[in-house]
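Below, chain A partners chain B and then partners chain C, in two separate complexes.
Let's look at the complex of A and B:
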């Protein structure tokens, strides 16, 4: 028995080694291919073909892996926008031809597929990405190939690439207005709860700086590992801290466990409201409406936004994908991103990257969230901040909104209290 | 007061870990099968609760129905896995690890295709919502319920192993398979029943988890590592060890987390377990057997 098991171990080790060797071979092959690709394009001009009746664009979302839940919805609304644009005569008279790639929830795959879309499919622009890790992985690819990425998700700011357009909110369009709202409500103390990775840590750094300048006491700051499922201790801490409000940057499934625990120890939005920045319409159903009813969220779009553009968007989305599908902020930002690219191309009367970016400043679109304007300097867009309250119907209703669209300021340069953050 | 609150939080976390690990202590501990799909049996139990709530409607009735049905669903899945794959590889533990991991991935994808990728919500019954106030201390009713359920499961399992003919056969096979077979015990049938019970307990754990967290395709993966830790630290093959280890882990996590942060607490717990296993590789409680294997 012992002998046999040793030989088995030997066999396993051998196969591990050969597997590892295989991986190395496969990886170096990939590396070689990517290098070759960048070499050719460095010498040659972009290979985008605009001579025919169609123009290719790329959609790069995770259709498998842990992020598929979220990114599939973005993919769906991109498809919807493309269909509408094509039905309306395309862009500069050319029909959009979509090349879809799966980012597989892996930043390295995002980078590799981005390279493939640019150099071998020759797309005019790429739309997609969700996690900051995926965007950071793609950024050098787009800069090296001088191509365009439209990124549709709110993020932690402190970035501005000439080859990326950010159509989600940066921090001064989501987190800062949420804090302004809390100050307006007379909040004097805050408890911060977040997942333990880059976005919550950066967000909380900003919140701490803001709090110091605005006389708010931060009574606690807790991080839970991603996928953490037991929140009894953290909720105990929140409860005994007795803050005026909780600022929640938890991500994914942790929200479910947190809110269930929060309700189970007998706390509600009336005692201590929780402001969340990553719960949208899509997530409310999974957490359970009864667990989050009355809690607050900070976004730039809700399905309930009352505008003709939004009514049309919601109706078209439901007609295409089903009555039960809600629309959310990242979906709207993705939908908007395709229309913004169309508007830029039409203003530039060219698909070339340098013409499009040169024409970008001041391009507007009557988006479902309201009119948005592209800022040509930092490639973000002006957006109206909306604080919403989760209703018994599972939708989020606007409770407060900034008076006008807020100019994007990814490095928070316009805020005195933010000195030394970036 | 905070210390008592944390004590309760720790015991409560311990009871969740215990429910997750109890079935595993049977299949891994007693039979030596590394079943990575154990977490997916929990997931199946959780979805059973979801389906039953959809059919029955009333949250209270559906929870009480879901507990036995979750046991049966988890058990049947386990039986199927045992009959088709695992019984071919009882003497190849490393292969079972890979095979059951593959099965786990398949089950997750099946759940995703059948129920959709987003989480679903299972409502807690009214009599479990809110907290019991004892001297200013709020004890969530769901957590009291889970604690009670864990106790019931442990007592039932211990009685079954000790006082029934089936339990005697299981213990005999664990202690010395060859001798048990020589005495006329069908080890094949015993294995099947053991696996059914172990997997069924995972189903029950899954049903209770719907009261605490999210119900989604990856529910099981959040618990499988902790469950293995409990079984290994507790000592292979003994319920007593599993109970003590689960409670110790729960309390450690709760107190470390209270004095530091959740991430640091997780690290400290791992360090504590590694150190403990250095001192006692066989775990807290171990069975002495005369078996040669």
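Let's look at the complex of A and C:
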């Protein structure tokens, strides 16, 4: 029945092909005319409307896909900050109108939705992103459209876009202090375990350079694909390497499997402590307190930070989302980012991107982690490094802290041993 | 209804009318859509190119290919590599290699510096891979679920390979931040419009090619191979050769879609080429109606459009709506959206059934 006689269609053949050819010819003509236009490359005109009594801002987090479990917490925290700001009279007297988009844990979707928020919704600034891939995907969009992104997660450094403000830690505010701490504790050898993507690879490059300059032996370096859950081989290697400590840059689910296996082979924080840079309060519950108790983490904020601003933040968050919800570093950095944008806008007395960035330098906010200051040159913020120990209560308690907030140095220019890294 | 019927029924004047109507609609789109929406539509058209190929290979030839992401990805990555090299200038090194790589362009990137060889490679590499794989598989009479599993494994392996080669492929970050497309500034909306028109023309051309193939002797053989492979063999034809051709055509179409996707979307990453997007391509084809000419195109565009607009409306719950939509279509329209027209036609003369 599917077989048809060819003759019936014979006459159509020529006309179809010629129609297609016609289209191509017509379009190549279009393309040629464009040539002249491309010289006068139109720089993006902002369509942000601030004439009414509201101003739009965008939240772009992964609400579906593998990153949703982490990014939802950041989204909640941003919502909380927006509610508080609106209850307090808005920004420059204008109420914030939130446009939320789902990044779907995919870089391509992040790029698309960023474009939508900027050019279709005309938001004054966008808050969000988590993975390095999502940030790298959004960066050219924000630069081409000359719009603003506030990125709230610790990352691998080596970047400073004029259109992004980084409110999470760069490497010299998290990884380097963690290494300083280990040296202080007399660590002579390290085993590196990480997921196979940009952040762990870059972090380990930095750790290797640091180790070489500080007489630390790197006894092993292992990578597992993202989402990998069979860690028996890697943990056995760690065990037999017998290093003084393990530096863990695993991300997501892999941590659950890694720490369970670590406990299975009979190792604990006393034998060989694991310093993690991607495990926050939110993840501790998922891994199981009994599997990670006593292990170390490096961040710039813990729920247990003792300050009036943090007490207020934690109380407000729990009141909004439930007593069982912990607060974590990326959530705090996201919360802080919205307030920092508010402070910049109010200092500039304008929502325009160039005015806001011009006013950014030196803007401060009494954040839950302590007072933070924006560095106008590299768009990062000064942050205090905190090494914490995971307690039996599932919270992380500060074990060591840098004496004062550390100035951001994304390219590690102030460190001799880091020459040639960037 | 008549328009729909015309659009979706294969037939002599109807196809021509449908083709003309599609061309007119595509040419009118720039006048009514904002630059952002036009960009989205252009992206959907690139994905639809993959669907056209799947329509031929799966709908006509019965080759359930769950790995078209590989060919889409090959085209996309080859184009992205060329754009990166072109942005870096003669002898220059792409920015990400300076950050994460050795600071030197690996030898296998070099052939992509020239625009001509880049375009040739975009067509030849996927075609060669598909021919090689197709020949190895189809002559051994691997078919059905075994072929599907194999093609899917290939997609998974391809994504893992890309992720592992951080220094030379950008790893999970993929490749992005392109400034120009063969010398045309990508920040200029006029050039974005040009890209859209190119995508529209290429898609129409592909549909025309598939139509010609379907009504040709080859098309008849392909359907015959799908329905009764052994009989075709007994008649003296080589079913493997027929399948390889269909598979190669589908692969090249996917690669061209990928190559055009890159300047339009501005990015390609392993998340666009692995198992999940490969299945995504198939869903559009299934929903549209795999055995029809325009079904795969319309289904693919409809699914992409629904995915975007539902996720914009309900950022936190869109995925449930999408799932429900798929279930409804599969349950009540197993022949795809294209079968609606046929059902309506058949129903009309009989009067209204109870």
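Heads up, the rule we're going with is that the second predicted complex is superposed on the first by the 378 of 422 C-alpha atoms of A that agree within 3 Å, B and C clash if a C-alpha of one lies under 4 Å from a C-alpha of the other, contacts with A are read in each partner's own complex, and residues count from 1 in each chain.
The rule we apply is simple: contacts are C-beta pairs under 8 Å (C-beta built on N, C-alpha and C of every residue); 3 or more make two chains touch, one makes a residue touch a chain.
Note that this is a predicted model, so its numbers are computed, not measured.
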Applying the touch criterion given at the start, work out whether A:285 contacts chain B, chain C, both or neither, answering first, second, both or neither.
-> first
First (chain B), second (chain C), both or neither touched by A:119 = second
Return first, second, both or neither, reflecting whether A:213 touches chain B, chain C, both chains, or no partner chain.
-> neither
Which partner reaches more residues of chain A, chain B or chain C?
-> C
Pick one for A:225: touches chain B only (first), chain C only (second), both, or neither.
-> both
Pick one for A:319: touches chain B only (first), chain C only (second), both, or neither.
-> neither
Does the superposition put A:196 against chain B (first), chain C (second), both, or neither?
-> both
Is A:261 touching the first partner chain B, the second partner chain C, both, or neither of them?
-> first
So, A:234: does it touch chain B (first), chain C (second), both, or neither?
-> first
Which residues form the common part of the chain A surface touched by chain B and by chain C?
-> 8, 12, 196, 225
Interfacial residue positions of chain A with respect to chain C in the complex = 2-4, 6, 8-9, 11-13, 15-17, 19-20, 23-24, 27, 30-31, 34-35, 37-38, 41-44, 63-64, 100-102, 104-108, 111-112, 115-116, 119-120, 131-133, 136-137, 139-141, 144, 158, 196-198, 201-202, 225-226, 422
Along chain A, where are the residues that touch chain B in the complex?
-> 1, 8, 12, 66, 68-69, 72, 196, 222-225, 227-230, 232-234, 236-237, 239-240, 253, 256-257, 260-261, 263-266, 282-283, 285-290
Would you pull the chain C residues touching chain A in the complex into a rising list?
-> 12, 15-16, 19-20, 23, 34-37, 39-40, 43, 99-100, 160, 163-164, 166, 171-174, 176-178, 184-191, 193-194, 197-198, 200-201, 204-205, 208, 211-212, 215-217, 220, 223-224, 227, 265-269, 271-272, 308, 311-312, 315-316, 318-319
Touching chain A in the complex: which residues of chain B?
-> 2, 5-6, 9, 12-13, 16, 92, 94, 117-124, 129-131, 138, 140-143, 211-216, 218, 222-223, 253-254, 257-258, 261-263, 266, 292-293
